[in-house]
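One structure, pasted below without further comment.
Letters A, B and C name the chains as they come in the text, with residue numbers starting at 1 for each one.
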Amino acid sequence: MKQYSRLVTLLTDFGTEDGYVGAMKGVLFRSVPQVSVVDISHEIKPYAIRQAAFALLNYYHYFPAGTVHVVVVDPGVGTARSGLVVETRDYFFVGPDNGVFSFVYERENFKAYRIREELFGEQVSPTFHGRDVFAPAAAQLLNGKEPKAFTEPVEQLESFYVGFQQKDDNQLALQVIHIDHFGNLVLNFTRDDFRKLNLPETVKIKFKNGFLYGIQRTFADAAEGQVLALWDSSGFLQIAQNRGNAARLLQMEIGDTVLLQW
Amino acid sequence: MKQYSRLVTLLTDFGTEDGYVGAMKGVLFRSVPQVSVVDISHEIKPYAIRQAAFALLNYYHYFPAGTVHVVVVDPGVGTARSGLVVETRDYFFVGPDNGVFSFVYERENFKAYRIREELFGEQVSPTFHGRDVFAPAAAQLLNGKEPKAFTEPVEQLESFYVGFQQKDDNQLALQVIHIDHFGNLVLNFTRDDFRKLNLPETVKIKFKNGFLYGIQRTFADAAEGQVLALWDSSGFLQIAQNRGNAARLLQMEIGDTVLLQW
Amino acid sequence: MKQYSRLVTLLTDFGTEDGYVGAMKGVLFRSVPQVSVVDISHEIKPYAIRQAAFALLNYYHYFPAGTVHVVVVDPGVGTARSGLVVETRDYFFVGPDNGVFSFVYERENFKAYRIREELFGEQVSPTFHGRDVFAPAAAQLLNGKEPKAFTEPVEQLESFYVGFQQKDDNQLALQVIHIDHFGNLVLNFTRDDFRKLNLPETVKIKFKNGFLYGIQRTFADAAEGQVLALWDSSGFLQIAQNRGNAARLLQMEIGDTVLLQW
């Protein structure tokens, strides 16, 4: 049986200034005695499912077992898209079925359930499932209810994750999958991938406006203002500018291709 | 007697980066054992009283009875404007008398009290009542003190709320009272108003750069990029662009008039 | 022996939208039963050590004794710069040795210790000490461990604080040390300094684009839109525009000189 906590994390694209996140918190505090509500962010760019998915990857596994992770970036609210509970060994995830849990599906053994919205009563707003479906569903889990009490089986799940591609014997095509707060360009290639492929340290990294040799240990291995490649703190390869903003400097965007050659 | 909690919510225009909100939190944690401090937002636009009032409306009633809601958007700090405690059946509200509680006065039975600043000691900064008056006043309420212990009666209260206007037999003049994070234009007209007036479903909504027929159920009832009218999650009529920003698209602002015709 | 709490505050330049702060919170919740994690800000400008130092000054001393204040604005992460624990009578401070604690050194009696990173295991990312060193170090302190358990002595400490300068018998040279959220210009001169020097009330304040006479009590002592000098809520002299943004109006920046004449 899953360990049990009173911790719930919130990740949304709501901003805070309209009070919508406040409403979700109100529902949680009213429904769950002794709950701890942990803000992750409400500054995900509006509708930016991939940004939310990537952020989630950076924090979910650090929390104590039993934590409920709520993610509401939900451009399809009010359509037929499902609301989900995803259960892994240690956590529950609650949010829409639109790809926000893509990395969880890649990294974890999981079960997924479709939330039966109709059980959450007449009061469900077609525009605000964060308050009327996802927060109440999280509250049920925090109060120890099993998912089956308010869900049904689900078959197909949305995921956007695409692995890197082998172009030929000595070349991979990677993609920029995320640009972080500091302008670091994160690629769909991890240190584990690097080790498994047994690539040489002197690998060449080619992108739109230049190239680099080798993967550094830390930002300061490049002079101030210089561009470098290094492993980020979640194990992904990233292109960064020491004390600068690589995305702006190199004019690169999510989806851009980067070649790894050796 | 009012139910009693340890929950206090904070809504300010301070931003967070100067540590001013941190100071308010410090005062609360120092004064109230076991307090739970809940951030609503600190990103209200500087001095934007109406934005704060609208945000408050979206969350206050979801919290457990006994919650103390602190709102500090206070361009008149240091003038003769009063600091208030507003008491409703379920909640206390603490903040300046400048209209931030306008919607509370519309929707609730309430009593209002003027905070006696002089009781909060020599240390009151004329520029930072959030820390030196409102947080300490909230702490008193959280610790179970009655308002009368540190307030006096107040007569006149500031409110900016203006209802919609009946222009003639088949036309109402509404106002944009809020623009939310997604650019949705919120109007001073609710689903309750709509029902009471017994208006037809095919109502015509006229604004500066166009018009719409009918009120939809959810965003997805319009094609991506299209403009629609619908009820927002607090029951107000809003004009939105599906997956877009209606305020930007239509170049509309708070205070603009919208006509409802039938 | 230091009083003991479960309170930890977080001040970073991480933004929230990448989930990095979420990871730090996860580490704290996992490591410290019953911890209360208090967000101060994650919107410090990237690498803005002075802004962080100033924010810290505004809140740290309001918290209950035993609070652990974590500050992670850390452009030198991964270099030889030390990680610090700074201990004062009432608090612990945890963060990099780059000047973020400059004001604490000015105002408090303190002991400083260098964190032995190697004790935090193989998992230390060279780019994310917030998660892998500072949050775990804070957790140790919150769990009642003494600093000596995971630190060593430190000699030299980074500080950027520069006091005001006496130019001649009736003139001081001050510096803009901070610009806050509202555009107020904060100077390195306090009400205590003013009293000790026994300066007249009619002092003249000269800056790039103008001058002022006298120091006001509150914003409203100037007409709307007018510029004034007053004591800020931490006791520093500031130049402000009533209901406006003085930094923008006067085109002044951090480091600019202001003359005080009498």
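Some points to look at:
Throughout what follows, contacts are C-beta pairs under 8 Å (C-beta built on N, C-alpha and C of every residue); 3 or more make two chains touch, one makes a residue touch a chain.
Predicted, not measured: the structure shown is a model, and the values here were computed from it.
Chains making contact with chain A as well as with chain B: C. One rotation lays the C-alpha atoms of chain B on chain C, and its angle is 120 degrees to the nearest 5. Rounded to a whole number, the gap between the C-alpha centres of chain A and chain C is 32 angstrom.
For chain B, residues that reach two or more other chains under the stated contact definition are 39. Residues of chain A that touch chain C in their complex: 7, 9, 11, 36, 38-45, 51, 54-64, 67, 178, 180-182, 217-221, 230, 232-233, 243.
Interface of chain A with chain B (complex): residues 14-23, 25-27, 29-30, 37, 39, 46-47, 75-79, 125-128, 131-132.
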